[in-house]
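Look at the two complexes coming up: subunit A is in both, with subunit B in one and subunit C in the other.
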Partner chain A sequence: MTEYNGYSLRLYVAGQTPKSIAAIANLKKICEQYLTGQYEIEIIDLMKEPALAVRHQIVAIPTLIRQLPEPLKRIIGDLSNTEKVLVGLDIRPN
Partner chain B sequence: MPESNRDPKLPLFKDADETVQAIHRGDIDAVVVMRALGGPEVILLHGAEEPYRLLVERMSDGALTAGPDGVILYVNDRLCELSGYPSARLVGSDLASLFEGEPPKFAPEVRAEASLLRNGDDALPVAAWSQPISIGGTTTTLVWLTDLSTHRRAEQIATAERFARSVLEQATEAVVVLSPDGYITHASGRAEQIAERPPVGCMFSEAFALEAQNTEDSGALARFSTESLDILLATKPFHGVEAKLRGERNAKSAFLLSAGPLVDDNKANVGSIVTLTDITDRKRAEEQQTMMVAELNHRVKNILAIVQSVAAQTVRSSDSLEDFADAFTGRLKALATAHDILTQTRWIGIGLSELLAAVLAPYRSPDEARVSIFGPAILLPARAILPLSMVLHEMTTNAAKYGALSTRRGNIEITWQVSGGVDKSIELVWLERGGRKVKASASAGFGTKLIDHVISHDLDGKTEISFDPAGVRLTIAFPVGGLAKRGAAASGAATE
Partner chain C sequence: MADKMRAKPGDLATIGKSPTGIRGLDEVTQGGLPQGRPTLLCGSAGCGKTLFGMTFLYNGAVECNEPGVFIAFEEQPEDLIKNVGTLKYDIEKLIAEKKFAIDHIEIERTKIAESGEYDLEGLFIRLAFAIDSISAKRVVVDTIETLFSGLENEQLLRSELRRLFEWLKAKGVTAIITGERGEGTLTRYGLEEYIADCVILLDNRLHDQLSTRRLRVIKYRGSAHGTNEYPFIIDEHGITVMPITSSGLAHEASTERVPSGIPDLDQMLEGKGYYKGSSILVSGMAGSGKSIVAAHFVDATCASGHRCIYFAMEESPHQIIRNMRSIGIDLQKWVDKKLLRFCARRPSLLGLETHLATMYRDVADFEPAAVVIDPISALLSAGMTGDVHSMVLRLADFLKGRGVTALFTNLGIVSGENATTEIQISSLIDVWLSLYNRESNGEHNRQLYLLKSRGMAHSNQVREFIMSSQGIKLRAAYVGPEGVLSGSARLAQEAKEKAAALVREQDMERRSRELERKRRETMAQIEILQAQLASEETEAALLRREGTAREDQLRADRVSMGVSRQTAAGLDKRAPKPSDKPKK
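Moving on, here comes the complex of A and B:
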């Protein structure tokens, strides 16, 4: 795996449920504002591939996983509480 | 969860607790469960299922949802098909990046056109529609894209053509489709039959030469020259104008002309459908009915006039109410009998000998030669039957009261001749013998007045009555306007 210095984030969603949509939007917003240019986001739709839930033991949707930097962090919910997301991902405001 | 696949870096209990908390707080709207056999399954929690989502999934158009900042949040399978990219590649990317060149300006209810970039293929022309929607408190935009490529367009047109053609083939009416400038683009079989020339490609007026039928409609049609009529039919609605088509082929047919314009999605005129409904039978039935009603009116008036006249005259000659009742009833019965005859022969008429036989039937028993009827076959016109019946009734009544039928030895001889070529006339002689002697004065009562009146007034004929001591002799002559039975031979043989 190549060295990546930024945030590698993986968001697990379920198709177009309201919270899934909200989570995607909110995550993008937060990343643009606080991690400009230093992030990559992967959206996993578990409606299409439920088996992928196993890797990170996803039970609740939406769930955001911070893969990088380590350690793994998990935040459950639609990410509408920005403060909570920043704390949970351990992002220092610029 | 199977232990072997689990990421070893995950803390255990803390996460489980957090998940439960999240569910309690309502922060999530779907969960993953393990099925007994087989892998994990996503269960949506109540309220999460958006009806529109199913619609979007299944649409035959490509659809996507984008956030307020233009980030694609979701794409349906069809869009992946159209673009050739997997959803993972498209979700999270910018909406504008889907398109070649300038991205379309999305506004609700407005159709934009754009070029969709495709993986390993030329950009695809698409029509884009957008609609803002709110999902879970976030305002997003739903965009859907329709494949406009010529290939698809050609397919659609071909399907529409086939459909239109099969509809026209089934049509039993004459139907044509006009382009906006008045040219016939499609025609049903019936339309081809009644047209002056093969209709497709002609202007409507070239294929169908119209003539309006009644004065209101001829106003409507005549106001327009053929050129403007063509344009009118292609662009304006036209309902139920009666028309005929010039030419021998369609001379006997009547049509109802209707036109309805066709509009496309943008409310632009794309032509019209013009129908010529054959109403020949309907019109004929209408005309017949009008005629029949008029005829009926006429006949009823006739009979009422006759009854009135008979009543008036009977009153004048009756000495008492009883007298009147007797006489009037008798005459009405004669009228009724005559009317019956007319109805049975459907008002066509009856032969003179048949009429005589019917009226005199009560006085002709097989073994008595009291009444003899002899003369050539001649068909009496309908108009002559009532008057003649009246006359015969009078003569018979008089004969029964005072004349040949009032004695056992009296008899009546009725003979007639037909003369004239085209304008035939009948001369009938009624001769009584062996009855009581009658005096001229006594007999100049009503009966003869009636007879005279009826023959001259209703039959255009002449009467001559003489009161020979031997018996009454009546001669009547009247025209029958050239109606004679074919194969005229002497009929009404003398009775024995």
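Moving on, here comes the complex of A and C:
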């Protein structure tokens, strides 16, 4: 069910907004709990790299994209609803 | 709205305007869209919102040197570029020149999961990125309502949209936001609540299976604007709005005259022809020669080096050219010289307003000195009588305003007393030629009558209208003791008169010969008498001379007698010579 390389996740934020900070915290918590040792997180600040918003079709902030495993998955919001995040990332809690 | 004010040019500060470059719209809005403010463009699917936006940006980049950003929610950039390629808008070139940017925003509900709070900061970042990358002055967002179907949190979307419009305003870009028409509202999600500066509604209505596109400026803060519904067309020339209403009664009246192409008709019009910029109606039954009168006018207009448009409603250009050749008019040569343009459209092809808009566009493009619409009555098949009347009225006003002489033909029978046309345009016509076929003595003869001609002393005569391979001739109808005659009756009467005249002439000749003879006789008599007189005078002179001689003789005799007596008395006296007068 998991890839050899584990989960490759990208979180797009725009500066240090409360939603962004909450999203980062929520994501880390979920990953620690459900994907221990099988994940890597990249946080991209679109304020610094706006071109990436165009390239990766980002509209809502924060947006979490599951790069790996295929296929691509998208979750928007501050990730406060853990259940929805798990469904969105296709992670079955043990 | 209460704060809507009338803009008075040259008065207080007024809002700036960004010309759209869309023909007609800038007139309706008196200059364009409000500069630096968002405008809501709403309409149902297929109304031309996207094209409208693309045109706004293209014209801005090309004509005003204002780079533009197109935020597409619905179409892919490649498709957008291809779609306007048919209009010769080279978007790729503009993108390369950094005058145009397209960003496609894809929102697919099924591919997005929501967890917790979010905002649309990503959209703002992308907008700002696109605007800053080319220093854009214009932005089109098409159609932002797609967000509502892509995201769940409607409340959040609404507050974010409000923020977006404020943000666009603060950014100082002139923006068009498009929205789908909703039930009972201008847009499905009530965008009009957020954008209150300028709202333009596009509409595409069907009537009798003919669609007509219409545009209306619903509101425009800080500016006066045309409030009517204006028809517009979309074709290979892009969008053309036709701001024609029947308000134009301010046109200047020209005193310049243009020939009708029929010398005899010019003669009836003070010998000079029509006034330039007047509206001429040629009415008559089928086959009375309306198109021929029109063709003469076209020929004369082109011959004087002016351009002319022939709007053919019932015949194809080829057919018209062929037919006119038979009466000696070669229209093809004017087409070749680009002085004549045929615009042939079946009336039922388009709705009335679209016809009007198309004609407007054609006239604005070609800038003719004269147009012919043949026949205008055909438009009745594209609309109701009242609509046709209003359309023709606006068309006539428009043409007059531009100083274009217009000749309309109208199929219909006009009877002298209550002359009127089916589409009730008689009162807006300046010159009305009525053509009719009159039946008499088993034949139909064409006649022409100048029913009215404003502003000139025109002939009141009915003329006979004769078509030949040399065009039209107008013969003065026979007016005499036998009444007004035409056709072969006129010819018979003329022949009769000719015979009578011949007899009269012969009689005259005979009588003058008689008189001559009498004169000669008298002259001869005079000569005889004169000869007589002369001989008598000679005789009288002879007599006088004889008398004198006799007297001399007598005197001589007396003298000699005296002498002989004196000789008897005294011989010293000499007797005088008989020729000598007594010399005492």
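Operating definition for what follows: the second predicted complex is superposed on the first by the 90 of 94 C-alpha atoms of A that agree within 3 Å, B and C clash if a C-alpha of one lies under 4 Å from a C-alpha of the other, contacts with A are read in each partner's own complex, and residues count from 1 in each chain.
As a working rule, a contact is a pair of C-beta atoms (placed from the backbone, for glycine too) under 8 Å apart; a residue touches a chain by one contact, two chains touch by 3 or more.
Because the structure is a prediction, the values reported are computed rather than measured.
K.L.:
Between subunit B (first) and subunit C (second), which, if any, makes contact with A:Gln57: first, second, both or neither?
P.N.:
both
K.L.:
On the A-aligned overlay, A:Lys73 touches which partner chain: subunit B = first, subunit C = second, or both, or neither?
P.N.:
Only subunit C is touched by A:Lys73; subunit B is not.
K.L.:
Considering only the touch criterion stated at the top, classify A:Lys19 as touching first (subunit B), second (subunit C), both, or neither.
P.N.:
both
K.L.:
Tell me which partner touches more residues of subunit A in the superposed arrangement, subunit B or subunit C.
P.N.:
Higher number of touched subunit A residues: B.
K.L.:
Applying the document's definition of touch, where does A:Leu46 land relative to subunit B and subunit C: first, second, both, or neither?
P.N.:
After superposing on A, A:Leu46 lies in contact with both subunit B and subunit C.
K.L.:
Please work out whether A:Val87 is in contact with subunit B alone, subunit C alone, both, or neither, and reply first, second, both or neither.
P.N.:
Touch status of A:Val87: second partner only.
K.L.:
So which positions on subunit A get touched by both subunit B and subunit C?
P.N.:
Residues 14, 17, 19, 22, 26, 46-47, 50-51, 53-54, 57-63, 74, 76-78, 80, which sit in both footprints.
K.L.:
Provide the residue numbers of subunit C that touch subunit A in the complex, in ascending order.
P.N.:
Residues 103, 105-107, 111-123, 125-126, 128-130, 147, 151 of subunit C touch subunit A in their complex.
K.L.:
Which bits of subunit A are touching subunit C when the two form their complex?
P.N.:
12, 14, 17, 19, 22-23, 26, 46-47, 50-51, 53-54, 57-63, 73-82, 84-85, 87-88
K.L.:
State the interface residues of subunit B toward subunit A in the complex, per the touch definition above.
P.N.:
Contact set of subunit B toward subunit A: 1-2, 5-7, 9-10, 15, 18-19, 22-23, 25, 27-32, 39-42, 44, 48-50, 53, 56-57, 65, 67-69, 71, 73-74, 87-88, 91-92, 135-138, 140.
K.L.:
Over in the complex, which subunit A residues touch subunit B? Could you list them?
P.N.:
So the residues of subunit A touching subunit B come out as 14-22, 24-26, 28-29, 32, 41-43, 45-48, 50-51, 53-63, 70-72, 74, 76-78, 80.
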